[in-house]
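Several structures are given next for inspection.
Consider the two complexes below, in which subunit A is the common component and subunit B and subunit C are the respective partners.
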Partner chain A sequence: MTDLALRREPLDRARLLTLLQEYGVYAGVAVLILANIALTPHFLSTENFRTQAVQVAPVLIVALGMALAIGSEGVDLSVGSVMALSTSLVSLYLGYGVWIALIVAVIGGAVIGVANGSLIAFIGVQPIVATLALMVAGRGIALVLLPQLKDIRDPAMASLGSGALFGIPYLVLIAAGLALAVGFTVRRTTFGRQLLAIGDSRPAAQLAGLPVRRVLILVYVVSGVLAAVAGVLASARLQASDPTSLGTLMELSAITAVVVGGTPLSGGRVRIGGTVAGAVLIQLLTATLIKHDLPPSWTQIAQAVVIVLAVYAARERGKR
Partner chain B sequence: MKPTALRRRTTTRTLIAASLAAGLALAAGCSKSEDSGSKSPTASDTADAGQKVATPAGDAKSCTIDQFGGTKLDIKGATIGFSQSEKEANPFRIAETASIKAEAQKRGLKLLTANAQSQFSKQISDVQDLMAKGANLLVIAPLNSDGWGPVFRSAAAKHIPIITIDRKINATACKDYVSFIGSDFISQGKRAADQMITATGGKGEIAILLGAAGNNVTTERTKGFKDEIAAKAPGLKVVFEQTGEFAREKGQSVTEQLIQSKPGITGIYAENDEMGLGAVNALKGAGKKAGAVKIVTVDGTRNAVQGIVDGWISGVVESNPRFGPLAFQTLDDFAKGQKVSQDIVIQDSEYSKDNAKADLGKAF
Partner chain C sequence: MTAVQTVESESSTFEEEPLGSSRAERLSALAQQHGALVTLVVAVIAASLSFDTFLTVDNLSNMAVSSAFLAVVALGMTFVIITGGIDLSVGSLFALGGVLAAWGSQYGTLVALLLPLAVCGLIGLVNGLLIARARLAPFIVTLASLLAARGILLAVTNEGATTYLVDEKSFFARLGQDKILGIGVPVWITVALFVLGAVVLRRTRFGQYVYAVGGNEDAAALMGVPVARTKTSVYALSGLCAGLAGALNAAWLVSGVTILGSGMELEAISAVVIGGTLLSGGFGFISGSLVGVLLLKVIQNVINQIGSLDSAYQQVVSGAFLAVVVIAQTWLGRRRRML
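Then we have the complex of A and B:
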C-alpha cells in the first residue's frame, strides 16, 4: 500500500507542477477576484473593473512584445525607454495633428527596434546587453528631445485617453485588439512559427535555412512599436508627456507578466493568453494592496513571491 | 564568403545605419509641438517672489569668516561655483538654477555651473572640478546628506566657503561649510494640514499621497501634516497612505484605486504638486465635480496654482526654489566679514482661493 503511494507521488507532483505552470496564472487571477469580492468594499462594480482594465492596458501591450522577444530566446530591456521616447515624440509633433504625432512616435519605436535587432542579428550581441544599451540611449534621446514634463491639451488625445466605445475604454479595446493580433501571429503565421523555431534552437533554425536575421529584427521592431503605442496611450491617459518618469521599470513589469503567464525564459514557446492573465494578476495584486492601504513595500514582496512561484514551476517542469 | 553576399550584407548594414541617422535627424529637425499657451516664467515675472528669511537674524548660531578661517574678499572679483544635484527636468530644479544664474548676472559675477544628473559620485567630482577651475565661493544643492568628506577636505585646504541650499549636509556648520539655506519641510506639512482643516471644516476622512520612500522631504512633510491634524482636528481621520513617488502618473493611478474603494473620501493631501495634479486627473476621469474632494498640495508650481483658480485644488503650500538672491547676499555678507546665520530657514508663502488668481505670476 505505502509502497504504491510512494511510487505514485513523483508522478502526481510533476503533473501538479505542469498544471500549475499551465493554469496557475488563471487560478491566481480567479482567487484574487474572489478574495476581493469577499473582502474589498465596492470591488464588484463596472467602474472598478474599468479602472483596473485601463491601468493594465499599457503594461499588457508592452508585455505582448516582450513575450515575442522572450519566445525568440531574447529579452527587450529597452521598452520603458521606448515609451519615454514615444511620449517625447508625441508632444513634439502634436502641432501637426494627432495622427502625424502617433505615426512619428511609432516610427521612433520601430527605429529603436531596428537598432536592437541589428545588434543582435548582425553583430551577435547578447539580447540582454544590446537592449540594455538601447534602454540607456533611448531615455537619453527622449530627454534631449523633451527635457521636462509637458502638458497635452489636444482634445483628440484627451478622448483617446479617457473616451470609450459602448462603455469600453479605447485603451482597453486597443490592448485587446493587439493581444488578439499577436496571439494570431504566434499561432497562425509563418513569422510566428519561425520565431518559435529560432527561440527553440537558433543553430538548428539557421541550418534549416530560416531567415533568422530578418525574423529577429522583426521581433524587436514589433516589440519597439508596441512599446511606442503603449507610450502614446499612457501619455493620453496622463494628459501629459513625462519622459523623466514614464516607463521606468516597465521592462520588469512586462517580463514579470510574461514569466508569470507561463512563457519559459529559454525560448521556443509563447503564451499570449497567459501573458494577458499575468499582467492582470500583477495589476489585481497591486490594486488589492493599495485598496487595503497596505505598505507599498508589501506589493513588491508579493510580486516577488508570485515570480518565484512561476519560475519554480517552470524550472521543475523543465527538469522532467 | 562570396563577394556578392558580402556586398549585400554591407548594403543592409548601410541601410540600417542610414535609417537610424535619418530617424534621429527627423526627430530633432522638423518637430512642431502643440502651442501650450502657458509661458515659462521670466525674470521680471518672478522678481517679487524672492525668498524671505523666517528665522530672525541673530537668534540662531552665526558664523563669521574669522571663525571659519578664511580671508576676506570682495565678491565682485570672485568666481562662484554652483553644483546642482538633479537634472533640470522638474519645475523646482528649473526655477532654482534659473534663479542662481539670474542673480549672478544681475550682480555681474562670474558663475561656473555643473549638474550631477542625480549621480552622487558625479556631484563630488563636479565640485572638485569647480574648485580646480578657480571657484572661490561655492553654492551646492546636495543630492545626499552624507559622503561629503573628500570635498570638505579639498575646500578646507583652499579656504573655500560653501553654502548648501535646499538640502542639508550632515557636517559641522561654520567649519565644513558656512551655512544652510532651505525650507522647513515639517512646517510645510503643518501648513498643508491647516489648509486641509479649513477646506474640509475639520471633519471627514482624508488620504495622503506620500512622496518617494526613504526621502527626508517625504518623512518631514508627513510628520508635520499628521501632528497638526492630531493636534487641531480630531474629526479628521487619515484613512489611506500610499506612495505616488512624487510623479503625476503614480498619483493618478493610486487615486483611481482610492476613489473606487473609498468613494466617500473628503480630502487628499499630496506631498507635491505633480501627484496632486495626477489626483485631479483621476477625479475628472471618475466624473467628480471640481471641489467635491478637497486637494491640498506642496510646491507652488504654476499648474497647481492654476488648479486652485479652476476650483480643483483647495490650497498649495509653497516650497520656494528661488535661492539666488538670498544665497548671494549670504555669500556677500560672509565674504565682507559680517556675521551670517548657520541655519537660514526661508519663509514659504502659500496659495488659496483668496490669492491664487492675483499671485499666479509668482508661481514657478
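Then we have the complex of A and C:
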C-alpha cells in the first residue's frame, strides 16, 4: 500500500498541476462563494445574485469576443472604445426607433472590427498595434458624435436594461445566450476549427489552405459586434450615454477574464466555460473586497496579483 | 541596420537579399528612418503658415515643456520596444511618480526625486523579472502592474481624495518651473537624457545587447548575450523613466495630480512607432521617438488652435495617423512574406 502511494506521488503532482491549470478558475469561484457564504451577510439572497450577474454581463460579453481574438493569437484592445461608439450611436439614432438604433450601433462595432481585421489580415500589422490605433480613434469618433453625457429616455431601452423574464434579468439572459452561442461556434463549427488552427500556427493554417484572412477578419468583426452589444446593454442599464467613460479599461477586464479562465495567450485554444468563470471570479473578488470595506486601491492590487498568478499557472501549458 | 531590421521572429526570412543591394531597398530604409522627421517639418511649416499664433515663443515653449514629460516616458519605451517587448504600465507609473514626488517634496528635493525613482524603478524591475525570468508575456505582466501601480497610487492618496502640493518656493518646484536661456528646465533635462540614451543605445555593450535580444532572442542567447539580464534592465529603465517624468511633471504643476497618466502608455507607444522603431523588435532609434513625440504634440496643438474643432478630433487624427504610419512601415519593411 505505502509502496504504491510513494510511487504515485510524482505523477500526482504533475496531474495536480494540470488539474489546477484546467479547473483552477472553477475552484477559485467555488472558494470565493463558500467564503462569502461564511463571511458576508446577505450573500445568499436572490437580490445579491441578481446584482452580481447584471454587473458581470457586459464584461462577459466583451470577454467572449476577446477570447476568440486571443485564441487566434491576437488581442483586441479596441473593445472599450467600441462600447463608447455604440453608446453614442444608440443615443443619436434613438429618435428613429429602438431597432434602428440597435442595428446602427451593432453595425458601428462591425465596421471597427472590419478595420481591425483588415489591418491585421491584409496588411500584416500586429494585432496589438492595429487595435491600439482603433482604440484611440474609436473613442475620438464616439466623442465627436456625442460630445457629452446624454440621458436615454426610452421605455424600450429602460425595459432592456432593468427588465426580467421569470426573474432573470434580460442582461443576464442575453449574456448567457451569447456565451452558449460562442461556445458552440468554437467547438462545433468550421469557423471555430479554422480559428483554432490559425491561432495554433498561422503558417501551417495557410499551407493547409485555410481562408486565413477571411477567418481573422471575422474574428475581429465578432469581437467588435459583441463589444457593441455590451455597450448597448450598459447604456440601457445606466439609462444614459456617456462616451467619455463607458468602457474605459474594459479591454483590461476582458483580457483578465479570458486569461484567468485558462485560455493561453499563445493562441490555438479557447475556453469559453473558463472565460465565463473568469469573469465571474473577477466580479466576485471585487464585490467581496468592496463588501468588506477594502478600498478600491486594494481591489486593484488584488486583481493585478490574480492576473499574474493566472498567467504564471498557465505558463507551462502555453509553451508546449 | 537593415540587417537587424529584417530579422523577424515569427516568419521565415531565408529569402533575404544581401543588405542594401537595391536602390529601392535603400530608399525604403531611408523613408522608414526619416519619414517621421519629414512629416514633422511639413507639419510645422503648414502649422506656422496657417496659424499666426503657432510660432510664438509662448506657444513653442508650452509645447516643448508638455512634450518633455511624454518624451522621457517614450525614451524608456523605446528600449523596451527594441527588445521586442511592450510596457503598458508607464501611464500608471507616471501618475504614481508624480504623487510620490509631491508627497516627498515636503522632506526636500532629494527625497522628492529619489522616492519616485526608487518605487517606479522597483515596479519596473518586478515587471522585468516576471517577463525575463518567469517568461510571462510582457503585455499581460505590464497590464497587471498598470493596475497595481494605480492601486498603490490610490492607497497613498487616501483613495484619490488627497492631492499633495509642492511648496512653490522649494528647489524642487523650481526644477519644474525655472527657465535657463528661456527654455524650461524639464526640456533641458529631457534633451540631456535623450543624448545619454542615444549614446547608451549606440555606443555601449548594453545597447548592442538590446538590439541583439530584439533581433533574435535565441541567437542572442547562443552568442552569449545575457538575455534575461538585458530584458530585466530595459523594463527597470522604463519604470525609472516613467517615474522621473512623473516627478518632473509634479514639479511643473506644483502638485501630484492623481488622475494623470491614463492613456499615456498609448501615446508613448504611438510616438515610438511613429518614430520608426519596429514593434517586432531589433530595429529602432532614440531620435525617432523624440520626433514622434513632437509630431503628436504638433498635431494636438494644431487641433487645439482650430477653435471650432472639438478636442475629440485629436484622438481621431492621432489614431488614424498611427494606423497610416503602421501601414506605411509594414509596406516599407516588407521583406517577410505576408501571411
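Here is the rule we use: the second predicted complex is superposed on the first by the 303 of 320 C-alpha atoms of A that agree within 3 Å, B and C clash if a C-alpha of one lies under 4 Å from a C-alpha of the other, contacts with A are read in each partner's own complex, and residues count from 1 in each chain.
The working rule: a contact is a pair of C-beta atoms (placed from the backbone, for glycine too) under 8 Å apart; a residue touches a chain by one contact, two chains touch by 3 or more.
Everything quoted here is computed from the prediction, not taken from an experiment.
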Overlay on subunit A: subunit C relative to subunit B, clash or fit: clash
Which of subunit B and subunit C A:Q148 touches, first, second, both or neither: first
Which of subunit B and subunit C A:V308 touches, first, second, both or neither: second
Which of subunit B and subunit C A:T46 touches, first, second, both or neither: neither
Partner chain(s) touched by A:R139 [first = subunit B, second = subunit C, both, neither]: second
Which of subunit B and subunit C A:A130 touches, first, second, both or neither: second
Partner chain(s) touched by A:V114 [first = subunit B, second = subunit C, both, neither]: first
Subunit B versus subunit C as contact partner of A:P296, first or second or both or neither: both
Clash with subunit B, by subunit C stretch, listed 1-9, 19-27, 37-45 or 55-63: 55-63
Subunit B and subunit C footprints on subunit A, overlapping residues: 122, 141, 143-144, 147, 296-297
Sites on subunit B touched by subunit A in the complex: 9, 12-13, 16, 19-20, 23-24, 26-28, 31-38, 87-91, 94, 213, 239-243, 245, 247-250, 252-254, 256-258, 260-263, 274, 278, 281, 284-286, 303
Residue ranges of subunit C in contact with subunit A within the complex: 11-12, 86, 130, 134-137, 139-141, 143-148, 150-155, 159, 262, 266, 269-270, 273, 279-280, 310, 312-320, 322-323, 326-327, 330-331, 334, 336, 338-339
Touch list for subunit A against partner subunit C, complex: 75, 119, 122-126, 128-130, 132-144, 147, 202-203, 206, 212, 248, 252, 255-256, 259, 265, 295-301, 303-305, 307-308, 311-312, 315, 319
Complex contact set, residues of subunit A against subunit B: 40-43, 45, 47-48, 51, 55, 89, 91-96, 104, 107-108, 111, 114-115, 118, 122, 141, 143-145, 147-154, 162, 234, 237-240, 242, 244-246, 287, 290-291, 293, 296-297
